[in-house]
Each structure stands twice: as C-alpha cells, then as structure tokens.
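The following pair of complexes shares a single chain, subunit A, combined with subunit B in the former and subunit C in the latter.
What follows is the complex of A and B.
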C-alpha cells in the first residue's frame, strides 16, 4: 500500500509536469493550424474528400504523441541528475526501482492521456462527418498505438541511462523511424550482403523493436476490415514484453548507477 | 572599410557569378550536357530553389494517389490507374500471404506484419478522394506529365468534370509547351466529352507538329496516335482528300507495324 501511494505521487508529478509545460496546448494548436485550412480546401473545385484529411490527422497524432512521449521520457533521469532534483527523491524512503517505475508510469500515463485525447477527437469528428465509422478497426488501432507508446517510452527510459537527453532522442528516434520504414525489409537487405553485415542485419531484425507492427493507419483510413484479435493481442503482448525487458535493464542499471 | 572597396565587394561577386555561370553553360552545352540539373525545367524562383526536389515530391504524391485508387495498397504491381478496368489477377497477394503464414514460427515479425496487410484489392470509384493528391502532385511538379494526365483522367472519367480536366491540361500545355501527350489528351477529351471536333483537330494538329519538333521526345506511338486522330476527324467531316493526305504522310514517314497507323490506313 505504501509503495502504491509512492507510485501514485510520482505519477501525479509527471501529469502535473506535462500539463504545466503546455506541450499539449502547443501541439493541439499546431494540429488545428494544419488541419483547419486543409479541411476547407476543394482541389479542382470538387468537395467531398475526407480520407486525405484522416491520413494527415493520424500522421500528426503519431508524430505529436511520439514527440511528447520521447521528450518526456528522455528527460526523466538526465535532467533530474543535472538539476540535482534526484537527491530529494532518493532521500525519500522509496527504493530506486519504485522511483524509476513511478517516473516511468507517470510519463507513460501522461503520454497515453494525450493519445486518448487525440483519438477521441478523431472519432468524434469522423462520426459527426460520416454515417459509417469502423469502430472495431479504430479500437484495434488505438490498442496498438497504446502498445507503441508503452514500447517507445520504455526504450527511451533505457536510453536515458546511457546518454544525455539530446543524444537519447536522436538515437531512439533513428532506431524507431528506421524500424518503421525498413523493419520488414531487413531480411531482404541481409540476403543481399555478405557475412559480417548480414549477421548484423539479422541480429537487428530479431532484437530491434518492430515499430512497424503498431501502425494501423492505412487500415483505418481506407476502411479495411479488422485484423484477427489474436494477432492484435500478440502484438500488444510483444510490446509489453519488450517494454518489461527494457525496464528491467533500466532498473538494474539505475540501481547500480552512482549518483 | 573604405567606400570604393565596399562597392567593389558588393558588385564583383554577382558579376563574377553571372559571367562564370554563362561561361559554364555555354561550354557545357557544346559538350552535350546540362549544367543546371537541379533547376528542373522551369525558370521560376521555386524551380531554381527546389529543383528536382519538386519532381520527387510530385512523384511521391502521385504514388499516394495511385495507392488511394487501389484502396490504400501501395504494393499493387502494375495495376495502375491507366490500366484500371482491364481485368487483372489479384490472387497473387493471397498466394504471397499463404506462404508467409506457413513461416509464422520461423519469422513471427513478418507473419504479424502480413496479418496487418489486407487481402482485398479494391478499386476506388470515388474520384474526390484521389483528387487532393493529384492536385498536390500537379502543384508540386508542373512538369510531371504523368500526374497531369492521371489527374485529367480522374476529373474527366471518374468525377465527370471534363471542363476542369480541360483547364488542367491547358495549364499543363502552357507549362510544357513541347509535350505531345498533353495535346493528345486534350483532343481526346474534346472529342469524347464535348464532341468538339473542330478544336480537337486543332489539338491533334498541334500534337503532330510538336512531335516533329526537335525538343519533343521522339515517340513514334504518340505521333502515330496524332495522325490517326487527324485522319479520323477528316473522315468524320467527309473530307476524303485530307484523309488521303494524312494516310500518305503516315505511309511515307511511319512504320506500318504501329496499330494507330494500321487503323488510320483502314479508314475509308
């Protein structure tokens, strides 16, 4: 019970931090500035297009949530060490594991609250605009996006114990973007190269996070049918397992870190 | 810094840049290559700054429109908008996925990825969903003939807005004055949607004349198509002398293996 209270205090701290910094307000204004003029556009004088708006909206949701989640997580440890706010935290009667878990859970919940807000707005606008809305695909897309956020925050948390926040953002960003774009092409690339590079590409294929599996935007935009729920849960479990692995290593490192 | 030196420093670099660029351009033209590949084909400021980036963006947007036409599928092989409706086999996608499913345990990532892809290959019949991407492709790259043609096709055939298609093609012709394809497309729309044979003949004549121009691409199929339409229009107005003239030109200058030329020679 005591641990839960400590955790909830740390989570509240992260939520206050997110909403105090106005990151959410800025990304929402940015989204409105991009999307509102587009919604009034009539290319060649013909109205009625909606899919391109959905596509751009979802792209912005992906970008903004990723930026918020990564920047928040990457700042957890290095910034607290730099600003020396880590010492009052460590002085409290809480283990380092609880502190790290609390900070991680706080950032994760803050990022997920942004995600839920954007998906809620997306669903609201689409149900108002058209009679048909693919709810099943929408829920699957949301679940997989939640899985994605769980995974990338854990990855950024692990990175924050190796690098400072800027380097962490760059390395994690390259890894995530690279896997989204080329994750499925790695075996083909490996087959085209000789041994040392082939082995590296195979290791990367098996160990790097397969972020491309969480992207259901095309399915949602073009009203494709839902994927099998078993596959959806497999991907969700994969994200949980990967995040738990990253968090486990991060905890081990943090417990041994000299602060 | 004294005044004359400042003036000299301000004037000298532009003069040097202008003279050397002209020198390089002239000498490279003699060697047979262009010195400004980054400039695209236009002379406006955006062309000079953005250069070939505009072409790349235009092609990407055109690809996006093609994907929309295929219901979001990016891997649709050769089933392009131009070949739409000609009937093609979509079962190959299912075959590929079956083989992926068999290797689920060997490669779970590609198995899960295959689950995320669709098995259905549908063609979009609502042109309005394609038009934003075609519009963006044409705006990004005014020299992208494929984008202009595809946009005109979607406007005229799918959205039933031939007037808008004509306006787009006319703008495209202004931006690409030596292009034969756009003139042919304009003529076809004039015949098919407006039954305006007079203006269509002007368009096909322009297409034929442009096909003879040294700056136009040497594509015999386009020239043959222009000749066929010219013959077809002269036949339509019962001007048999003009028809024979076009047939004579076709016999003398074109290969008889071309379908359009064979069709032209069969007109009587």
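What follows is the complex of A and C.
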C-alpha cells in the first residue's frame, strides 16, 4: 500500500508535467494537422497514392512519439539534479528504486497516452475513409509500437545516468536510428571482416536494441497479412526483457549515485 | 536523554578536499541545535549524510538508531533544503499531495495536513497559483510546509531563514519554538546568528570541515557582555 501510494504520486507528477507544459495540446494539434490532410488527400488524382501519404503520416507519428518519449525520459534525472528538486525528493521515505520506477512509469504512461491518441485518430480517420480497415494488423502495430516505446524509454533512462540530457538524446537517437536503418546489416558486415572487427560487430548486433523488429507501418498501409501472434508476443517479451535489463542497470547506478 | 542523531568520528572528502573531518556530534530528543559555520565549512555535506544522500568515508552516522540511508529511517525526518526549488508546474496543494504520497500518507490525511500547513505558512492566498509564480520567500514557506507535512519527529532545516521577510522570519521562529514544545527535535544550519541565539538550546560551529565549538547557547553567551556573533567571529578568526 505504502509503495503503491508512492508510485501513484510519482506517476501523477509526470502527468501533471505533460498536461501543464501544454505538451498534450501541441501533440493533439500535430496529430490533427499531420494525419487528417494526409489521410484524405489524393495526390494528382491517382487512386492508391494516398497510401504513400499515409506512410509518411505514420512515419511522422513514429518520429513524434519517439521524440516525446525520449526527450521526457532523458530529462527525468538530469532535470531533478539540475533544478535541485532531487533533494526534497530523496529526503522522503521512498527508496531510490521506487523513485526511479515511479518516474519511469510516469513518463512511460505519458508517452503511451500520446501514442494512443495518434493511433486512435489514425483508426478513426481510416475507418471513416474506407469500408475495409485491417484491425488485426492495426492491433499488432499498436502493440509493437507500445513495446518499442517501453524499450526506448528504458534505454534513455539508462543513458540519463551516464550523460546529460542533450548528450543522452544524441547517443540514444543515433543508436536507435542506426539499428532501425542498419541493424540487419551488421551480421552481413561482420562476415566481410576479420577479427577483431567481426567480433565487435557481432557483440554490437546482440547487445544493441533491435528496433527494426517493431515497425509494422508497411503492413498496415498496404493491407498485408498480420504476422503470427506468437512472433508478435515474442517481440513484445523481447522489449520487456530489454527494458527490464536497462532499468535494472539504471537502478543499480542510481542507488550509487552521489547527489 | 536519548540521542536522535549520533555522528561518530565521521569524515568525508571530495577528491583531495576534506569536506568533513573527524566530526563527532549528537543531538538529543526535543533539542534545537544551531549548526553554524562559514560557507564551505561542511554543514551541508553533514546534512546530506544525515539524510542518507551518501555515506561517510569513515565513521558512523545513525538517526533514531538506524542507518540514514534506509528509506524507513526518513519516515521520521522532515527536510527543508537550502535552495527552495520545487516543481514549477504544480500548485502548493499538488506539491503537498505529491510529497504526502511519497510519505505513504492517505489522501484524507494529506488534505487535512495540507489545509493546516497552507494556513500556517500563510500561503492560502496563493494556493491556486503555480509555484513558478511564487517569490523566493513564498517558495521557502512551501519548503517549510513540505518538510512538516508528515509530522516528523526530527526536522533538518538547511538555511531556513534565507529569503524570508521580517514578518515571515518571526512566524518561522515562532513555528520552530512551537514545534519544540511539541517535543520535536530540530537541527538547522544557518548564517543567521541572531536567530540561532534566540532559538537554539545548543550551537555547533564548523570550520574547514572540523567541529570547533559545540556548547549550550547559555554557556556561550554567559557573561552578558558578548553575543553569539562575537563568539562566532572569534572562533572563525582563531588560527
């Protein structure tokens, strides 16, 4: 009960932050501005070309959610330290593990609420526009995007204990973008090199987050079939395990951090 | 008399700088201790160790007989930091609700205590305003309210009079003395020697990380021709 009250207070703090800083208003405006025109437009009168606009709008949704989730997470601990709010916070009878978990959960819930807003609007527009909407692929895309947010926020949280927020955003951003774009190329690249570069590339392949696994945009837009649910569930578990690993290390570091 | 705080041969250094050297001090239940010293004397480092923010390099610290780094120890401790920075996007009620939640208090108790403390610290007129619109003195009052929220037995106040106007100073002094009558133990660090002289049972003066004087105020200013300010200067200027 005691811990639940502490977690609930920490989560509410993040939601107040999201609401009071007007982030939610900006995100809603962005969602409407980006999704509505792109979903209804038919460029050059070519039927089917609107799918490509849909793809762009979903890419922008990915970017917005990624930016919001990462900037919020990357700032949790550095902002607490810089603004000195960390002192009254740590002086309360809450363990550092609970504080980190509560702050992480708060940012995660705030980021996921933004994600749900985008996906809700996307589903609404597309069901209004056409009779057929691939619900199964949509739910899988949503689940995998939630998994992706869980993973990247945990990664940014871990980074925030090593770097300041700007450096953290750069490092995490490069890692995530690099893995989305070139993650699958690492083993191919490794095969072309001899030791020790081959070993380094293999280690990087197994250690880095496989962000490319979570992207279902193409399937959703082109109405391709859904992936097997077992595969979807395994990717979800992978994200949870990776996030738990990052959170575990972050907790260990935060418990030893001098403030 | 039972010891609330026991500091036993504690040392702490940052790199080559000795912030606290071989400090031994205790604070008894119901006592007000003025923790004095120039800037960089080691007061804040000692307070941070008392709150379990970090451990000493050597020596032992106990608060109510327990290790201060245990979260449960801090259930009985209220802390007001030197610089009053709180979440600017909250109002005072939300701030107290947040800290009350961290202390594991029920929402009914938080509401009741918040009412009392907002009135006591004179923030009723500003309770709907966000903290980012508060003046420095108002933030200090908010800091006092959050420190007292869970009705702690030990209060650690780091420079509590900073930024307060004369009226607020008197109100805070009265509040501290009232808390003493309720049996609370109070440690406050300050540069305000006149306040310390008026309120404290004992003063401890730190210089370059070392404790140079720890005596009851009555003994320090016993002859009537001197005051704490003069004693403080003599102690700090001594080689």
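The working rule: the second predicted complex is superposed on the first by the 235 of 259 C-alpha atoms of A that agree within 3 Å, B and C clash if a C-alpha of one lies under 4 Å from a C-alpha of the other, contacts with A are read in each partner's own complex, and residues count from 1 in each chain.
The rule is simple: a residue touches a chain if its C-beta (ideal position, glycine included) is under 8 Å from a C-beta of that chain, and two chains touch if they have at least 3 such contacts.
Note that this is a predicted model, so its numbers are computed, not measured.
Asks: Go through the superposed model and pick first if A:210 touches only subunit B, second if only subunit C, both, or neither.
Replies: First partner only, subunit B.
Asks: Quick check on the superposed pair: does A:170 touch subunit B, subunit C, both, or neither? Answer first, second, both or neither.
Replies: Once the two structures are laid over each other on A, A:170 reaches no partner at all.
Asks: Classify the contacts of A:45 with the two partner chains as first (subunit B alone), second (subunit C alone), both, or neither.
Replies: The first partner, subunit B, only.
Asks: Using the touch definition from the top, say if A:222 reaches subunit B (first), subunit C (second), both or neither.
Replies: Touch status of A:222: first partner only.
Asks: Have a look at where A:235 lands relative to subunit B and subunit C in the superposition and call it first, second, both or neither.
Replies: Only subunit B is touched by A:235; subunit C is not.
Asks: Looking at A:127, would you say it contacts subunit B, subunit C, both, or neither? Reply first, second, both or neither.
Replies: Touch partners of A:127: none, neither subunit B nor subunit C.
Asks: In the superposed arrangement, which partner chain does A:6 touch: subunit B (first), subunit C (second), both, or neither?
Replies: second
Asks: Give me the intersection of subunit A's contacts with subunit B and its contacts with subunit C, in residue numbers.
Replies: none
Asks: Taking the touch rule as given, give the residues of subunit C at its contact with subunit A in the complex, in rising order.
Replies: So the residues of subunit C touching subunit A come out as 48, 51-54, 71-75, 77-81, 83, 85-87, 89-90, 94, 97-106, 130, 143, 146-147, 150, 156.
Asks: Across the complex, what residues on subunit B touch subunit A?
Replies: 68, 71-72, 107-110, 112-113, 115-116, 118, 120, 126-129, 131-136, 151, 155, 159, 161, 164, 168
Asks: If we count contacts the way the header does, which residues on subunit A are in touch with subunit C in the complex?
Replies: 1-2, 5-6, 8-10, 12-13, 16-17, 20-21, 83-85, 87-95, 98, 258-259
Asks: Flag every residue of subunit A that touches subunit B in the complex, lowest number first.
Replies: Subunit A residues touching subunit B: 41, 43-52, 183-184, 187, 205, 210, 212-213, 215-216, 218-219, 221-222, 224-225, 227-228, 231, 234-235, 238.
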